[in-house]
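Have a look at these structures, which come just after this line.
Here come two complexes built around chain A, the first alongside chain B, the second alongside chain C.
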Partner chain A sequence: MSPDRETHPGLGVTIAAFAVIVFLQVPVIVVVLAAFSTTSYLTIPPQGLTLSWFGKVLSDPTYLSAIRMSLILAFGSTAISLALGVASAYALFRRSVPGSEAIISFLMAPLVLPAVVIGVALLQFYSLTGLRGSLIGLLLAHVVITVPYIVRSALASLSGLDLAVEEAARVLGATGFEAFRLVTLPLIRPGLVAGALFAFITSLDNVPVTIFLIGANQTTLPVLIFSSVEMGVDPSVAAISTLLIVATGIILLLAERRAGFHRFV
Partner chain B sequence: MMSVRRGLMLIAPLALVLAAFFLVPVLMLLPTSFSEYMPGSGLAKGVWTLENYTRIVTDEYYREVVLRTLGLGLSVTLVCLVLGYPLAFLIARGPERWRLPLILLVIFPMMLNLVVRSFGWIALLANRGLVNNLLIQMGLISAPIKLMFNLTGLMIGMTHIYLPFMVLMLVAAIRNVPRDVEAAAATLGSSRLHVFTSVTLPLSAPGILAGSILVFVLTISALVTPRMLGGPTYRVMATLIYDEYMQLLDWPSGSALSFALTIMAIGIIWLSSRLTKRWAGMA
Partner chain C sequence: MSALSFEQLGKSYGDVAVVNDISLTIREGEFVSLLGPSGCGKTTILRMVAGLVQPSRGRILIGSDDVTALPPNKRGLGLVFQSYALFPHLTVYENVAFGLRRRKVAGAGLDKRVKEALAMVRLADFGQRYPRQLSGGQQQRVAIARALAPRPRVLLFDEPLSNLDAQLRDEMQIELKRLQRGLGITTLFVTHDQGEALSMSDRVGVMAKGVMQQFATPEDIYHRPATGFVASFIGKPNRVSGIVVSRAGKGGVVRLGNAIELPAASLDQPAGTRVDIIIRQEAVRLLSDRSEPGGLQGTIALRSFSGSRVQYVVRLAGGVELVAETASHGPNAALAPETPVVLSVDADSVFTMPSEGAGA
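On to the complex of A and B.
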């Protein structure tokens, strides 16, 4: 009996692990199958194949405007969070301000609070200030929930950095901002890409904050799916979900190729 | 060194945004939670009460919802732990070439839109869903069994949603267990099970705790999946808050529940960090 064998996973563990992997993919597969099925409820084997649900979704103005709104919020809040979050993380990394531990806790706090609580707090606040239903209100709400991911990934990437490299650039005549842009930024880019991806996905995923803040004629894609499911299972929801599944898969593979995404999860 | 003034200028924009759009709104919820609700007109002016908080403990329905939320958190955490450990073990200790594909198959559902995943479970668990269809076709049941709008549906859905978090935490924890300690135990004649229970499990305990706390807090805070799989009647704390704000318009009661949920979440996190520090002190 070799000791090495005893520290490797046995057959039982391997089978259990693969069963869990299958369990994790089951709802994904079911959604994709339902999107191509002619019946509104999925059967095995499927009754017939059709692409009509995709056509229906992609010509529905409600879905199209929801997709547009979701993309505006996701791109906008990720960009704002990147600018604000990286600036703060850099200042914290350079230990320029006292009390950095407390500041970090404050910047990460939106991650600790239940999202629904942030949602109702902003609902009351926006009702009083008249920001409810405004794009800027929604954008800033999404910045609040996405910025911790940027701060966390920026701090983690910066912590592995040697300050001397940037100092060298300064000695060679670069200004502080040039040294940051030309030396530090390229070094922390993979971490930031991963953080930005997390922020983007978090914004695109969000229901518990957004649903309290949207106006009467506004909606985002997840909020639309969330509310339309109350009416029952609709194959157009499956079709739009399938498009999201494909997009997520492609983005994940690209992020893995380009930045080694799994190391940052 | 960067000057303090420069540093403050870099941090100020984000700090101001978070102060104005996070800290102040949450603090403004506090007076609301001590206000009295007047049906039709909203808040009663100048009247302060503790009733919104005492009701959470004394009212039978509220108590049931709170206990259900905690019970759900606890059971989802345990199931995630039991299902997640073998997978995490295989990723951490299995063949090198399996590692990346397996990790990507764990991350993929985690990155997927929450409403999409919950919708998938509805297609599976509904009365006319795939599971009931299959069981009826196979002749195992004659009428659909209720898999949604109850604890079963919530358990299955939430376990699926939070399992990836647990697996990733456990992978990190197991990889931190020195392999030669396990090998030493095996050399000294321990069986595979004994190596696991006496070396691997105790040494990965901090990661088990961290993963459990994460899954527990995420489960009790969740709104989307409980609402989609639990429907409007089978409520947990987050969906009750949602209804008090959106349907009943009882903001005082909803905000008191919000603080109760927040305190539960933060309390658990605080308790676990105390525990971890004590463990670190013993080592």
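On to the complex of A and C.
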């Protein structure tokens, strides 16, 4: 028997795997198709073909301000998480702080805690501190849920690093910060790009934490989609979802091209 | 004029002293090796000189400047790492330019010095390659060029040849030595390979357990080891447990096993001490004339041919075995097992050290 045959999965496994992929991807296709329907309700297959729903969402001030809010949060929280996450991962990796294992677990906790629990906890905390409904409060909440992605990717990249390269830079005359900026940072950059994209998408797409903390007259894109669906669905929801899918796809494609993203997933 | 000196330099982690108050002076242009088994503290010394480890005690002087408290980037040293530690994201050219750029060398001056350094290690045409595109030996040479380019006051090597294969290692030894001579650069070289240390160095410091055992020329280290440890670490020693039988002046008589007594020219321990007796293989001679007085009667147990030399395991009275080495083309080059032979051992090639297991 050839080794190929031995490692090849059976027909049943192949069919099952294929079915899972189809099951996961069909809803995405359905949403995209529904966005082009001329009817004023969601239907499959789409009746007719129109781009008017895209025009409608892109000229709707509610959607536009939600998109703006989401981008502010995603860019802002990713930037803050990068600065904080890389700094803490670096310190933790160099063991320059006591109890580093405990601190790592603490930073990673938002990954394993149910998002709803984080939402409720922050709601109570913000009510007490008066941060509720403020942009700062929302931004900090997104930092909490995005920072684990940065810390994890930074730690993974650092652990693959020969520590001697930084020492070599130091002996050659670089200050501690120069050694980090000129040697360590470029070497961990691919991992950081991957982590930052995860963080960005996580923030962009977050509902369960955001919905607890959002102010009365602000909203983010996923929260708006969520509440639109509750109130009754027209294809504009499908259109904005399609835009979100396309944007995410482009980001992932760029990431793969630039940084070999797949190595970090 | 001293280029690098240590005054009572020591390092401890908690209660464990890894380097024990070492004082040493290295002259301008001198090539000094620190030699010892792993864990003897030699790399810690090197890292303290480079500023990567902070000493617990003592001072480090480069020239007449006390650098003990300076960070590594202020010491003006060159360091070649065991792993080479090249910057993988930079070209060979930029690797070599790194130290110069930190010293604000720019423009034509930078270009000239990078090319000079690359020419010195015979890699003039490799500037635009990345380290991963080079062989191990070439990477090693880039590491050397990178360390040399900023014209450091002292060049440090941390086991630089241990990742190369044997033939390349021999070539690099000669190339390194020639480069060091040509530049006249003071060099501190850390290694566990005695061949490297003896062949390249002006002076060798042999270390064990954080203590400097002997700091002397390679010839003195080899022929006049100061301690039993040095004798046991250098060359290819026989090591047999035994006892000091009697003392007379500096030397005395030792007994190997139960029966064999040998005179020793220099002993550290008093009579009655259990010791390990160290005798170099090439100091154990096979006598052609079996009737010579003082010879040890034995039989060949095993013959092993290693090119230019032949080793014999010789079984003596009481089951003691000694390895004797001889030239592979001499008169005793082809003795069969069970051949009776007579050995002679020079009294000044017999050394003792505290018995393993009997405590230091």
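Here is the rule we go by: the second predicted complex is superposed on the first by the 253 of 265 C-alpha atoms of A that agree within 3 Å, B and C clash if a C-alpha of one lies under 4 Å from a C-alpha of the other, contacts with A are read in each partner's own complex, and residues count from 1 in each chain.
In this section, a contact is a pair of C-beta atoms (placed from the backbone, for glycine too) under 8 Å apart; a residue touches a chain by one contact, two chains touch by 3 or more.
Source: prediction; values computed, not measured.
Visitor: Check chain A with both chain B and chain C modelled on it and let me know: fit or clash.
Guide: They fit: once the shared chain is superposed, the two partners occupy separate space.
Visitor: Just chain B (first), just chain C (second), both, or neither: which does A:L172 touch?
Guide: In the superposition, A:L172 touches chain C alone.
Visitor: Of the partners chain B and chain C, which touch A:L254 in the superposed model: first, second, both, neither?
Guide: Touch status of A:L254: no partner.
Visitor: After superposition on the shared chain, which partner residues are touched by A:L51: those of chain B (first), chain C (second), both, or neither?
Guide: A:L51: touches no partner chain.
Visitor: Just chain B (first), just chain C (second), both, or neither: which does A:V246 touch?
Guide: Neither chain B nor chain C is touched by A:V246.
Visitor: Touching A:A164 in the superposition: chain B (first), chain C (second), both, neither?
Guide: The second partner, chain C, only.
Visitor: Is chain A touched at more residues by chain B or by chain C?
Guide: Greater contact footprint in residues on chain A: B.
Visitor: Should A:V183 be classified as contacting the first partner (chain B), the second (chain C), both, or neither?
Guide: second
Visitor: State whether A:L64 touches chain B only (first), chain C only (second), both chains, or neither.
Guide: neither
Visitor: How wide is the angle at the Cα centre of chain A, looking out to the Cα centres of chain B and chain C, in steps of 10 degrees?
Guide: So the C-alpha centres give an angle of 100 degrees.
Visitor: Between chain B and chain C, once the two complexes are placed on the common chain, what is the minimum CA to CA distance in Å?
Guide: 7
Visitor: Residue by residue on chain A, keep only those touching chain B in one complex and chain C in the other, then list them.
Guide: Overlap of chain B and chain C footprints on chain A: residues 176.
Visitor: Can you check the complex and tell me which residues of chain B touch chain A?
Guide: Going by the criterion above, the answer is residues 1-4, 6-8, 10-11, 13-15, 17-18, 21-26, 28-29, 32, 83-84, 86-87, 89-91, 93-94, 100, 102-124, 126, 128-130, 133-134, 137, 160, 163-164, 168, 179, 182-184, 186-187, 190-192, 195, 220-221, 223-224, 227-228, 232, 238, 241-242, 245-246, 251, 254-255, 258-259, 261-262, 265-266, 269.
Visitor: Which residues, counting only chain A, touch chain B once they are in their complex?
Guide: By the definition above, chain A touches chain B via 1, 3-4, 6-10, 13-14, 16-17, 20-21, 23-28, 30-31, 34, 41-44, 84-85, 87-88, 90-92, 94-98, 103, 106-107, 109-110, 112-118, 120-125, 128, 140-141, 143-144, 147, 151, 176, 201, 204-205, 207-208, 211-212, 221-222, 225-226, 229-230, 233, 237-238, 241, 244-245, 248-249, 251-253, 256, 261-262, 265.
Visitor: In their complex, what parts of chain A are in touch with chain C?
Guide: Checking each residue of chain A against chain C gives 162, 164-165, 167-176, 178, 182-183, 186-187.
Visitor: Which of the residues in chain C come into contact with chain A in the complex?
Guide: Touching chain A: residues 50-52, 71-73, 75-79, 81-83, 85-89, 98-99, 102-103, 146-147, 150 of chain C.
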